[in-house]
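You will see two complexes here that share chain A, one where it goes with chain B and one where it goes with chain C.
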Partner chain A sequence: MREQTVPEYVNLYNDSGKLVAEKVPVDGLDPARNRAVTRMLYEMKRTVVIDLDKVEKSLRTGSLGGEYCRMPHYAMPEIAIVENAERIRERVEAFIRTSKKDDARVALFDNGKRLLVQLPRSTLEVSADYTAPALVGGAASVQAIVDEFDIDPLKAQACASAVFGRYPSTIDFKGGAINSAMGVPLRLEHLGYGWRTVSSNVIVSIANRNAMKSAALSGCFEMSYLVNAGNLVGRYRRLYLLGFAYECLNAENLVYNTVRALGREGTTGKVICEIMERALDDGVIRKKEALPSGFTIYEPVDLELWNAYAACGMLAATMVNCGAARCAHSVSSVIVNYNEMLLNESGLPDVEFGRATGTGLLLDFLTHALYGGGEVGLMTANHPNLKTTKLFAMPCVCAATALDAGTLTYPPEKMTGIFSQIFREMTEFKNPIESIAEAAIEAGNGRE
Partner chain B sequence: MRDLVEPKKKERLPDYVKALENVFQESNKERRTTFYRYGAWRQSKRKKEFYKHARQLEKEMGLPRYNPELGIPLGQRKIAPYQISKENVMVEGEDMHICNNAAIMQMFDDVARTAIMDLTPVHEILQKRLGKSVTPDTLNRVMEVWNHTIGGAAAVQEHMFEINPLLVKDGYVKLFCGDDKISDLLDKRMVVDINRLFPADKAALLKKDLGDKIFALARIPTIAVRNYGSAMTKRWVATTCLSAFANVYGISGETAINTLVYTLRHRTVIGIGDTIAVRYGRGENSPGGIPFGYICDIVQTDRVYPEDPVRYLLDVAEMSSIMLDAGWLQQMLSGGLGAPIRVLFLMSNEVFDSIVEHMAGWVKERYGGYGRAPCTIATIEDVAQATAKYCQDMYDSSPLVSEMLFGGSLRSRVMAYSAAITGGLASAHPMIGVEAAHLTQMIRKERTGRLGFFAQDQFHNQGHANDWTLLTDQAQVMELRNASYPDYNVVANLTTFPSAIAGSYIARGGAYACNPVIKVAFSENLAGFDFGNIRKSLVKGALREFMPEGERDPVIPPH
Partner chain C sequence: MSNKRDKPSNRKYRPQFCPGKTLIAENRRRYLNPDYKLKKIRPLSEEEITRLLGFRAPGEAYKSVHPPLEELGEPDCPIRRLVEPTPGAKAGDAIKFIQFTDSIYFAPIMSTIRARLYHWRYRGCDVGALSGRIPLEMRERDLEVVAKELLETEIFDPAVNAVRAITVHGHSLRLDENGIMFDAKRRTMYSAKDNCIYYVKDQWGRTLGTPINFGTRTSEEELKERTCAYRTDNIDFEEDADEFLRTTFNVYENRVRGGWGKEIPKPLKP
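Moving on, here comes the complex of A and B:
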């Protein structure tokens, strides 16, 4: 049997349009082969934030479980968790460490109001799913608080309710103080969807509102979902690897150049023209037929590569439009108009062969109508709509969120800002394209 | 243990003995029963009626129908009717089967169709994002439109096909607020008047805790939950609410409206039952997801009869048994098991009433009042032993009580309910009640060798460990646990826990057990079940005097 490979190379450029790596093996971009991506996933997967300030307020009043529940017989009006946060932190660290030299990290943020818990690798290796950080971090916090304040057994469970909210009476941490970048497994749309639960707001927070980095990170999570779901094998492998390289990692500077060229005066139509010209020049598409009316029909020479080019155009059109308005809400319209125009004006397949258009249409409806859905920043790919486009739509949603200058009611800073602090110093999150490129070359060398 | 089996001498014939002698037509002193001489199923008027209907159906359908001759040979014991405690009404068991009792069905429907909306964030979005002015006048107008749309009527789109208002007449929306100044500005027709509905002291506490937030109480039409299931309630409420806002404030087709919907659906709407694990096959607002503390707040007897706290405790026990045992465990999880005894055993023949009344008096005598016992292991033991002794004495001294509470499980459970209430009343902490309930079962098991069926033993053997735990899949305050809680999912004795919460709430005083919003939301029910008079409503259902909502009569042939 032949080994599953995509024997191709791309040049990757960063968010400033500078070349960061030449001849990057496309196969090395597979999250399962790329240590930069796996490091990001590892850090995300082992991380949880406990809102100590919220725990303290809940316990002081007996307001447990959210939704206006109030049980004063559990109240501990004098409890000073934030004031003693460092002592709590020490206790939690002692609980979660598996050895003195493990990589566990327990740190305080926001003047002791929030507690970061990152589990050590050895604990992660034991876990069957990705809920261990929330449960271990939560349990350690509960026991640390109970021990630190010598809490009566009759009130100890109030500490659990303050941290875990309604869990285990319900399937998530409703009303609790646990913040995780990932949603709970029991709310997954399908199997293998864990990485699709990371919201646009989380990604944009980590990327510090950089649109191209947001798209890159979004692509990492989508690609990792594809690995989990068995969708990065066989005939789909090249489609998504190339899509990731071009749309999310700015291969051949296609996204950057297009935005740079059209950012000031551009329109969605002009973006399409730009992408098509580039594809013609590169031999990715060709003229198929000129109709008597003069209308020219094109066809792809290389279907998967054309899809990657088209996806670059979709992201570029998003950045041009949402960037001009500094408003995220139009991303759905951009996705729809870009793909429909592309299809109708060229005869070429649109992004992911109709999936992106469909997603754009429903996203338009769900973000603009009274049937609900949610704001752009709250969107995840674990959604009845966005799940139907694999990989290609979420980077646009994330880029749009990053470019929004204050029109969202639930913006990243308000909802998930803590994640920008947590991962601020991590190279892979700071410079995803460079890190992934370097790791892909390493992976390629290893194979050779 | 000897003193447990000695019958207690009483000067006066207890009410429960009188009632049981009435229903069994035998003396409590009789030691040789004639129970076994009855005419099988034909002794039941209701079963004979069912038999007759079924023969007619067989002729019409050509299929075998109901036939008690095929079942176990009924008639080995007397099929006794039940005298509803304090109501002096006799009913047959069949009349308290959920499907035979319109009031019980309405009780389930009324919980399933209720959701509450905190309108404050919505008003903020309207003002900040859309620049709209929110005033009492606009809110009154919203409420007028919302009471139109709650019945599935259109307010923002044309060519919508609407629902016959007679089908959905029980759907309605009202507002409530803790600030009287705000409430005074609103249209009185659409305000839940906390001051009128609650005693002054309770009203003051509720208003303080609600603050100046404006809540909307929404009851969607019964026919909607009957057709589409309880998980849809929050969606129906959010969508119909949004239609009203869109209509009044003139908003449509823009991102802000979506933010409004998202806020309404996912951030401000409060359901009654939480989401539970997939394996139970039920969505939100199902009985399996209702926090035990909410059951105590749904029951309104403490508001209607504040001078009679025992009555409230009895009603919480009754509602728990109906919702969580007869409904959730027997029907929704097991599927089709007829167990009307789970409805009847706590409110019949004065048995449970007598025990709870006695134990409430015992608490006062023993500790000098409610909520005065220390929260200690000693109190748990004290309460458990006293309750177990009282109940066991009753079972041992009265064959009629044992016959009514047939099988070990009912006798065990009455004991557990009683201890849960007593422990809560004594200590003002639900944990003491729950622990006392478990301990009574261990005492009883020590005496009888087992409790009822295996799951009952399982539940109580694990009970102490599960109660005090900090394990992540078990640690939770009692008020927020529910019938789908780990280790609670299979056994009817979980239904005793709300009683411990209710007992502790009565001992603490105050206006609600767990959630002020839920308390106010069930203080008024314009059309449906009366949560302030539970027993009376159930009796009306048994006597076929209760008129339910959600019937299809307006759109079907006259019948």
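Moving on, here comes the complex of A and C:
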């Protein structure tokens, strides 16, 4: 059988517009072939954070499982978990280690208020899905607390509720103290949506509020979902690989250059002109026919590459418009109107052939209190709305969240700031574009 | 990209906005074109705009949602260094809105074109187009500047366009005996004395101390010249249908090609 390949190369530029790698094989950007993306996914998958401060407060007051649940008879007013956090950490580590040399990591953050648990590879290999860190980390914490404070059997169940919340009466850890970057499998919209449960806030936290890196990381998770769900095979492979390279990894410096040219005075409409001009210069589109009024209809020479260019424009327009107002909420408006204006302007197809427009429209309703819903930062690609655009919409949402200056009720720092601390030192998360480019070249060399 | 293209004036590509050869299409292109200066037809003071929006008393400080950017200290992000924040964003203003209702009876502009106009002309805008109303959210001081242009120029007529934060119903109802769009909150008042239309209430329907004069209503003949909506009793869409449909067909043909992932599927045999 012939191997599936996309025989193309791109030049990748980093978030400051500097060339980081030339002639990167597009095929090497496939997460299944890219060591850097695989490492990111592995680290995310094995990580969970237990909020010891919350556990302590719950146990001291008897407020277990979130709102409306107060059971004072379970309260242990004297319990001092945060004070003894180091001893609990040692116990948890002893529980989860499978061998002395495994890569398990248990660490304390925020003066013992938060406990990081990263499971070893061997445990993950045994698990059927990605819930092991939450369940193993949670169970280990419960037992560590029970052992440390010598809690009697009747009150030990309160410890489990303080950590796991109302689970298993609910399908997720409602009211519990387990923070995971990923949502629980029972909340998945469809099979294979695991990587889409990472919220915009988590991504922005990891990227330290850098807009371009947020888009890159978001793209990694979306691409991994595409692999998982069987969307990166056959005829759609090139569409998404090129989209990932151009929109998320700043290929040919298209996004950066557009934002640089229009950062001071640009509008969504001017971004469209910039993208049209660049696409014409690069021969991605051409004139098809001139109408009697003088209006020219264009057609794509390379449809998939044009889609990647259009997606770049969508991200650049988000950066220009949301960046100018330093406010995330307008991302939905940009997605709808960018695409609408683009097709009225040229007769060319819009991003992902109409899906982005639809997503933007519902996103507008959801983030502007027409249908309830939520805030831009809380959005995940696992949402019934954002799931309809594969790959292309979520990077815009993340970039917008990153550019917000404080108009969000639930900003990344408040909700998921801990993830920024955990992954601070990891090169792949620190410099995603560089790492992915390097790994893609390596993958390409290995295949030749 | 070469550096010479960084300046907008060096760009080769000229936007075309929409197909069509009728007056309606021309009006659309005129309104959407950011290089075209909208004709001013009535003067409104900044104080009147503030009162009409109804978020603060004239002279009162802007409410802020976060400290000014300088005090806040921005995160290290190259995109933030490239994108200049608007004055409202710099000061940390709260997000406020203006909402329009545009009559189907020859209003100069209506929801769909309004949304595109905002995105062609203004930075930092957040607009959601609905059939009978269209809110525009922005940082408050930016909003006031934009609202001034929207209300003073040829795209606003006090009889068939209206500023309504709530109770927007009326865009599809027949006009009253004075040619004014229905408003359950009666925010506008026609004065027979000077033939002018006054806003006697702000966009929320709260009575204003001093009414705001928006001048005379435009005659139907002139509105028919200025409108950018196709109507069978004015300029029929049929006159431009060929161009629009050819453009739309091109979009859909390529959408199908992309969605199918190959060339256009062959037609099924009958």
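Following the convention adopted for this analysis, the second predicted complex is superposed on the first by the 447 of 448 C-alpha atoms of A that agree within 3 Å, B and C clash if a C-alpha of one lies under 4 Å from a C-alpha of the other, contacts with A are read in each partner's own complex, and residues count from 1 in each chain.
The definition used in the following text is that a residue touches a chain if its C-beta (ideal position, glycine included) is under 8 Å from a C-beta of that chain, and two chains touch if they have at least 3 such contacts.
What you see is a predicted model, and the numbers here were worked out from it, not measured in a lab.
**Student:** Applying the document's definition of touch, where does A:17 land relative to chain B and chain C: first, second, both, or neither?
**Tutor:** A:17: touches chain C, not chain B.
**Student:** With the two structures laid over each other on chain A, which partner does A:368 touch: chain B (first), chain C (second), both, or neither?
**Tutor:** In the superposition, A:368 contacts both chain B and chain C.
**Student:** For the three-chain arrangement built by superposition, which of chain B and chain C touches the greater number of chain A residues?
**Tutor:** In the superposed model, C touches more residues of chain A.
**Student:** Tell me which partner A:321 touches in the superposition: chain B (first), chain C (second), both or neither.
**Tutor:** It touches chain C, and chain B stays clear.
**Student:** Report for A:67: first if it touches chain B alone, second if chain C alone, otherwise both or neither.
**Tutor:** first
**Student:** Contacts for A:211 in the overlay, against chain B (first) and chain C (second): which applies, first, second, both or neither?
**Tutor:** So A:211 only meets chain C here.
**Student:** Go through the superposed model and pick first if A:343 touches only chain B, second if only chain C, both, or neither.
**Tutor:** The second partner, chain C, only.
**Student:** So, A:235: does it touch chain B (first), chain C (second), both, or neither?
**Tutor:** Touch partner of A:235: chain C, not chain B.
**Student:** By the touch definition at the top of the document, which applies to A:101: first (chain B), second (chain C), both, or neither?
**Tutor:** In the superposition, A:101 touches no partner, neither chain B nor chain C.
**Student:** Which parts of chain A are touched by chain B and by chain C alike?
**Tutor:** On chain A, the residues that contact chain B in one structure and chain C in the other are 329, 368, 370, 407.
**Student:** Under the stated contact criterion, what part of chain C meets chain A in this complex?
**Tutor:** 1, 5-6, 8, 11-21, 25, 32, 34, 65-67, 69, 72, 74-80, 82-86, 88-89, 92, 95, 115-116, 118-129, 135, 137-139, 142, 243, 246-248, 250-251, 254-259, 261-262
**Student:** If you look only at chain B, which of its residues touch chain A in the complex?
**Tutor:** Interface residues on the chain B side: 118, 125, 129, 156, 209-210, 235, 238-239, 242-243, 246, 252-255, 257-266, 270, 274-278, 289, 291, 293, 375, 428-429, 431, 468-477, 479-482, 484-486, 504, 508, 510, 513-517.
**Student:** Mind pulling up the chain A residues that touch chain C in the complex?
**Tutor:** Interface residues on chain A, with respect to chain C: 15-17, 208-212, 234-236, 239, 253, 256-257, 259-270, 272-274, 276-278, 280, 288-289, 291-297, 299-300, 303-304, 307, 319-327, 329-330, 332-334, 336-338, 340-341, 343-350, 352-354, 364-365, 368, 370, 399, 402-403, 405-407.
**Student:** Which residues of chain A touch chain B once you look at their complex with the stated criterion?
**Tutor:** 64-65, 67-74, 135, 138-139, 142-143, 146, 153-154, 156-161, 164, 166-172, 174, 186, 329, 366-375, 378, 407, 409-410
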